[in-house]
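First chain written, first letter: the chains are A, B, C and D, and each begins at residue 1.
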Amino acid sequence: MRYAELRERVCEANRGLVEAGLVVLSFGNASGIDRGGGIVAIKPSGVDYATLRPEDIVVVALEDGRVVEGDGRPSSDTPAHLLLYRSFPEAGGVVHTHSAHAAAWAQARREIPCLGTTHADHFHGPVPVTRALTSEEIATDYELNTGRVIVERFASGRIDPAEVPACLDASHGPFTWGATPEEALVNAIALEQVARIAIHTLAIRPDAEPISEALLDRHFRRKHGPGAYYGQPRSAREGRA
Amino acid sequence: MRYAELRERVCEANRGLVEAGLVVLSFGNASGIDRGGGIVAIKPSGVDYATLRPEDIVVVALEDGRVVEGDGRPSSDTPAHLLLYRSFPEAGGVVHTHSAHAAAWAQARREIPCLGTTHADHFHGPVPVTRALTSEEIATDYELNTGRVIVERFASGRIDPAEVPACLDASHGPFTWGATPEEALVNAIALEQVARIAIHTLAIRPDAEPISEALLDRHFRRKHGPGAYYGQPRSAREGRA
Amino acid sequence: MRYAELRERVCEANRGLVEAGLVVLSFGNASGIDRGGGIVAIKPSGVDYATLRPEDIVVVALEDGRVVEGDGRPSSDTPAHLLLYRSFPEAGGVVHTHSAHAAAWAQARREIPCLGTTHADHFHGPVPVTRALTSEEIATDYELNTGRVIVERFASGRIDPAEVPACLDASHGPFTWGATPEEALVNAIALEQVARIAIHTLAIRPDAEPISEALLDRHFRRKHGPGAYYGQPRSAREGRA
Amino acid sequence: MRYAELRERVCEANRGLVEAGLVVLSFGNASGIDRGGGIVAIKPSGVDYATLRPEDIVVVALEDGRVVEGDGRPSSDTPAHLLLYRSFPEAGGVVHTHSAHAAAWAQARREIPCLGTTHADHFHGPVPVTRALTSEEIATDYELNTGRVIVERFASGRIDPAEVPACLDASHGPFTWGATPEEALVNAIALEQVARIAIHTLAIRPDAEPISEALLDRHFRRKHGPGAYYGQPRSAREGRA
């Protein structure tokens, strides 16, 4: 079995969705990519997380989604995952959930404004929402098109997917990504918490305003990019593991 | 003891209500049917889920509810379960809860509109709410009548119970059903999550609109009926078990 | 040590407050009475539930609250518990919490209307809220007065404490009672769930109306009084234990 | 290793943040001071709580924040903790979180009014919110300035930090403090619960009014200061430990 480490990590990320309370039943999936091998490892469709084992993870070709390794049928959302990997070269992991608060923003078809530093720590600006799909896009290549509208939204809005690693599919739910499957999971957890705090904020103050550009930049740059000073230096983290 | 397997499954479904956070105290019950035997297995009334054992499950006649096996008194909601089995031939399991968010829609006496794909994955259209019972219906055969208004609502609205396996009893709470007790439980879990996301959606956008028929059909048909392509092929699932 | 069984049951009821998610920190207390002995067993003040043992429970005289057994200082709310026992002869157990949703109704100084059958199963009418205490009542015998306004509210409203075993102290939180400490705990759990569903109901429909008298009576009488038919016959329950 | 006991207690307080549900991911930190030694022990930056050990806690100088003991980089919020210790001599422990309901009040930039006795038991008046930072304050010494605006708010409002041991950093989240790290944690837990009940209260009654000064004083004084009568006498608590 090739890709054993990637399968293991993708399996762990899928289990992490349940541990973090992001999914009930089988409403979510995580994947990871091996760009050198040109393959993506992803959750099988409709399988219970509790019994999910690394050998259940399906390996598909990045190019066309054909199954390379594994007995099961890959997640029905696989075409969207693959498109995000092909369009966003920084993405090493992708997560899709129907987590309750983020899904509510998707159903309301509103972007999540950046109302505080919890948001700014992870997403450098509002978390965008896609346009609705047309009837034609729903009828043909539906799952692929749920990815296409995300790519379209980032292109038309000139949003950098490395700076805002999340998008809400209109009337559907969130996709997040990151440099690794673990980071995509962290972004899914952060997004749900940010979505939740934002709903509570509106309950207290319906006209709450987004934070300043200065505060947004400061918090995002504390954690991301060359000037980041949050967390331990990479060498220390490796020594610890 | 006959019906040992059905009792076991019904016992598990009742315990599943607690594990999924759908009930507190003894606010819920699950049942399953053996159509060949003409019997229904159901939770005993007012018994604690934590100590519930398969041998506590009561077996009653589908036709008239007389106890066929078991020492306890069956759930007070038994007449409603039996009527649903007699009226909806597809139902192999029935679940009734007072889960907080679904019960809130029932108390508000509003159907749950289909605001997103989480809903469409499980329910092919709004989850309907019954009319209120009359004083006469409350005074005589009350529990039977809580089932009758569900059947009436599906008939008058020409709703297919196999496509919308859930209904809200006005001012009361949800009933769900499915091909098996396990599926009725899954639908109860999905309904509570759908009801919760819908409340959050209205908090963000009070005038949120239902999704298009095209998107509703697409998501429901991914999972249900002859063209379904979500999950593993039946043969693979059996091989796994 | 006398009253060993009562201490044990009161200790369990206090631990049950935490298990049911009704309290954080030390925001709550449960007590039980031995009317023959003229004593009340109650939680010590400010002690952690996790380490609470039956021998920590303090036994005080019903008449004047003097400590009869136990090394600790009884709950600061003891005078309110004692007054409820002296005023409501049916009460065998009393529980006080700051559970989040019930406390919110208390802080809003609104009675909880009976919006559905979950409520009607436990409380035969709205859960009342007291008037505010005067500055004099706050300055002198404060804890006793938090009980007095409950008794006053039930007297002026001609509410039967056996039919509505709960009251909200204005700007404070709920008290519940029952025939035993266990039943007072059940009523505290039911009240919190009812308060929660009611808040969700108002979010969906701000003008939601109370249920009919006929439905309220039916549900309450299913579980309470001579015609009750919910749960197992008493003889069966005893055989089971 | 010096300061072993303080490290142990600070480690426990950081773990307590997770157990109490106040943090997800690494959104929070707790610290404790040894005023005699002129040092503060604090969580390392971005380290997982699950694997946090006492030897990971970083010890820094109160005066200038230089690392005195420990291999890791201290929390990025260290300058704010140190300023609070230097400005509030009563503080023996400080906690910072992004707990969902308290963060929502911070994001709404509204102080939490004292709507009930749960609040009054811990905070003698509204929990204040700071002004927004200027662009200059964000650009230079950002973390220090998140502390400065708290000190400024307490000075300008003539608020006694021993009476209101909490503040909301605008658009950010709460800081709490106490005589010990354990007490700072208790105040963080109480603050989140108070913030949550307040949001529910506004949902029921948007124009809910603060409680009277008399009730506020009574509840705060039950627990704090020379006349306190809540909890066990100190001697009894020590005997118990």
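Assume contacts are C-beta pairs under 8 Å (C-beta built on N, C-alpha and C of every residue); 3 or more make two chains touch, one makes a residue touch a chain.
What you are looking at is a predicted structure, and each value in this text was computed from that prediction instead of being measured.
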item: Angle, in degrees to the nearest 5, of the Cα rotation that carries subunit B onto subunit C; value: 90
item: Most widely separated chain from subunit C, with each centre as the mean of CA atoms; value: A
item: Classification of the subunit A:subunit D interface as same or different, half of numbers criterion; value: different
item: Whole-Å separation of chain centres (CA-atom averages), subunit A against subunit D; value: 32
item: Inter-centroid spacing, subunit D versus subunit B (mean Cα positions, whole Å); value: 46
item: Residue list for subunit B, restricted to those that touch at least two other chains; value: 203
item: Chain pairs in mutual contact under the definition given at the outset; value: A-B, A-D, B-C, C-D
item: Touch list for subunit A against partner subunit D, complex; value: 20, 115-118, 121, 186, 189-190, 193, 196-198, 200-201, 203-205, 208, 211-212, 214-215, 218, 222, 229-233, 236
item: Footprint of subunit A on subunit D - complex, ascending; value: 24-25, 27, 44-47, 71-73, 76, 98, 100-101, 103-110, 132-133, 135, 138-139, 142, 171-173, 199, 202-203
